[in-house]
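Below, each structure is written out as structure tokens.
In the two complexes that follow, chain A is the common piece, with chain B as its partner first and chain C second.
Up next is the complex of A and B:
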């Protein structure tokens, strides 16, 4: 195949900067969204450690509670919680893009896809809060 | 409102410039002027050597895509007054090699567009005097993706394409999807072979900027994610039913 630019003098191709994601807020938001998965994984690890502590008896569980109260872990978990919130909200908002559901020949509005996810999230969170806080 | 505004325009002459530089031009700031009018004013009155592409000046031909203050824009649909008091920085589209000033080499996109087979594929063509009927609902399935004008702003906005030039890119995949969803088309499996590769849909990390900059509301990011869903379902079907899927 003939390269259409073969006989032109030369072109200038700018290199993409390593810090391209700092150039626009939308790009930074994308990188934060990707990075949030690390914090999701961290919460999974914390949950597994707690399950292990419960299985190992009351002393181990008390030690794990003490560990969770340490300022560093508390701060890390607050940051992780914010990232997990960001992860969940951006996920729910992007889901309608990937799911083009048609009913009666018309595409469902975005809210019909993301709405039920938000409702399920609220109901499950309320259920968990009820189990934890009822005494 | 001041009646003049400064344009900072990329200049690059491959014959003697190592790399692009900026040149400033003062142009009248008129309410009804778009960036393209200002560039034409520069060419007509200030510097006839300024090179840029344009044709229809009404958002149909997709020729005048440039980077305006860092954002990919059709310059025929971007008003000068939105950038007052200025200065306004006009650069060539990102992620493409610059040929001269604001003109970029788009051959890479054209090759990729061809590979995604953006035309109706039939196993057996109907005779010329027979029509292919389509209901308004069937038209509605793909109409949004058919609005693409090949302006390549989505490629300029896509960091994946900037970092990995092998990536098929937003418009080529959206246009493949446009034909996949067309009730008259029978070429979905041919396109799937090309686009379900690593450099096809799976290269996309869903930054979503292609959709935001699209002047025709095509939503290429949506097309790619929907295609990923279809490809996954096809893969699952082939896994569960190794025989008898046939891809159609």
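Up next is the complex of A and C:
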């Protein structure tokens, strides 16, 4: 099949600035959300280093705890925590928009979809904290 | 019909990784990244953590916690470079770097978790 747009003149292409995402809060929010993925990846690196340290023995574990206390890593983890939190909140709020669940011909309200996720988040977080902090 | 796209599969990994990151990462990062280093809470002993990571369920949990979020990162980072910085001409290189990175990271996670004595 012939693609009709293939024969259109393509001489004009509006240049979009590389910094287009700084122009509006909504755009910036989009880019910040996308950027959160870098901190998600950083968290995986930290977790794997911890797993390796724990497997290597008490001395390696102590060294890794010392490393996590160093100012740069600590600051990076504070920023990462804020980004991961931002990811979590935007993700839960996005779910009702990504999947429109209909019950009896009516669309479920947003809260009916994001609400249970917030509850699951709280329960899971409490569970993880309980396992790590008990006795 | 044209070649079947693997985009839906990659999107599924992105989405699953997004769910895992959202539900599990904040508490992990809060405890290990902030609360323990700053002394707000007592960090668990080495003995205790070793017992946890020796548990097969905990290993599966940690594997999922590391692997799926890496594919989430790959997908998002790829489009950040693509749309945000508009470096579309490097598309193939970006794809190899992002998804390749996620695959390598997953392999490292599997190895580290498997090798725990």
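Simple rule for what comes next: the second predicted complex is superposed on the first by the 120 of 135 C-alpha atoms of A that agree within 3 Å, B and C clash if a C-alpha of one lies under 4 Å from a C-alpha of the other, contacts with A are read in each partner's own complex, and residues count from 1 in each chain.
Just so it is clear, contacts are C-beta pairs under 8 Å (C-beta built on N, C-alpha and C of every residue); 3 or more make two chains touch, one makes a residue touch a chain.
Remember, it's a predicted structure, so these values are computed and weren't measured experimentally.
In the superposition on chain A, A:129 contacts chain C only, with no contact to chain B.
Of the two partner chains, chain B is the only one that A:99 touches; chain C does not reach it.
Of the two partner chains placed around the shared chain by superposition, chain B is the only one that A:13 touches, whereas chain C remains out of contact.
Shared-chain residue A:34: touches chain B and chain C both. Of the two partner chains placed by the overlay, only chain C lies in contact with A:54; chain B stays clear of it. Touch criterion met: A:68 reaches chain C, while chain B stays clear of it.
Contacts of A:77 after superposition: chain C is touched, whereas chain B is not reached. Of the two partner chains, chain B is the only one touched by A:23; chain C is not.
Legend: residue contacts after superposition of the two complexes on their common chain; A:112 is shown touching neither chain B nor chain C. Of the two partners chain B and chain C, more residues of chain A are touched by C.
Residues 16, 21, 34 of chain A contact both chain B in one complex and chain C in the other.
On the side of chain A, the complex with chain C involves touching residues 16, 18, 21, 31, 34-38, 40-41, 43-44, 46-48, 50-52, 54-55, 57-58, 61-62, 65, 68-69, 74, 77-78, 80-81, 84-85, 87-88, 91-92, 117, 120-121, 124-125, 128-129, 131-133. Those residues of chain C that touch chain A in the complex are listed here as 17-19, 21-34, 36-38, 41-44, 46-47, 49-50, 52-53, 62, 65-66, 69-70, 72-73, 75-77, 79-80, 84-86, 105, 108-109, 112-113, 115-117. Residues 12, 14-15, 17, 19-20, 70-71, 94-95, 97-99, 105, 107, 137, 140-141, 159, 162-163, 205-209, 211-212, 219, 221-222, 225-226, 228-229 of chain B touch chain A in their complex. Residues 3-5, 8-14, 16, 20-21, 23-24, 26-27, 30, 34, 94, 97-100, 102, 105-107 of chain A are the ones that touch chain B when the two sit in their complex.
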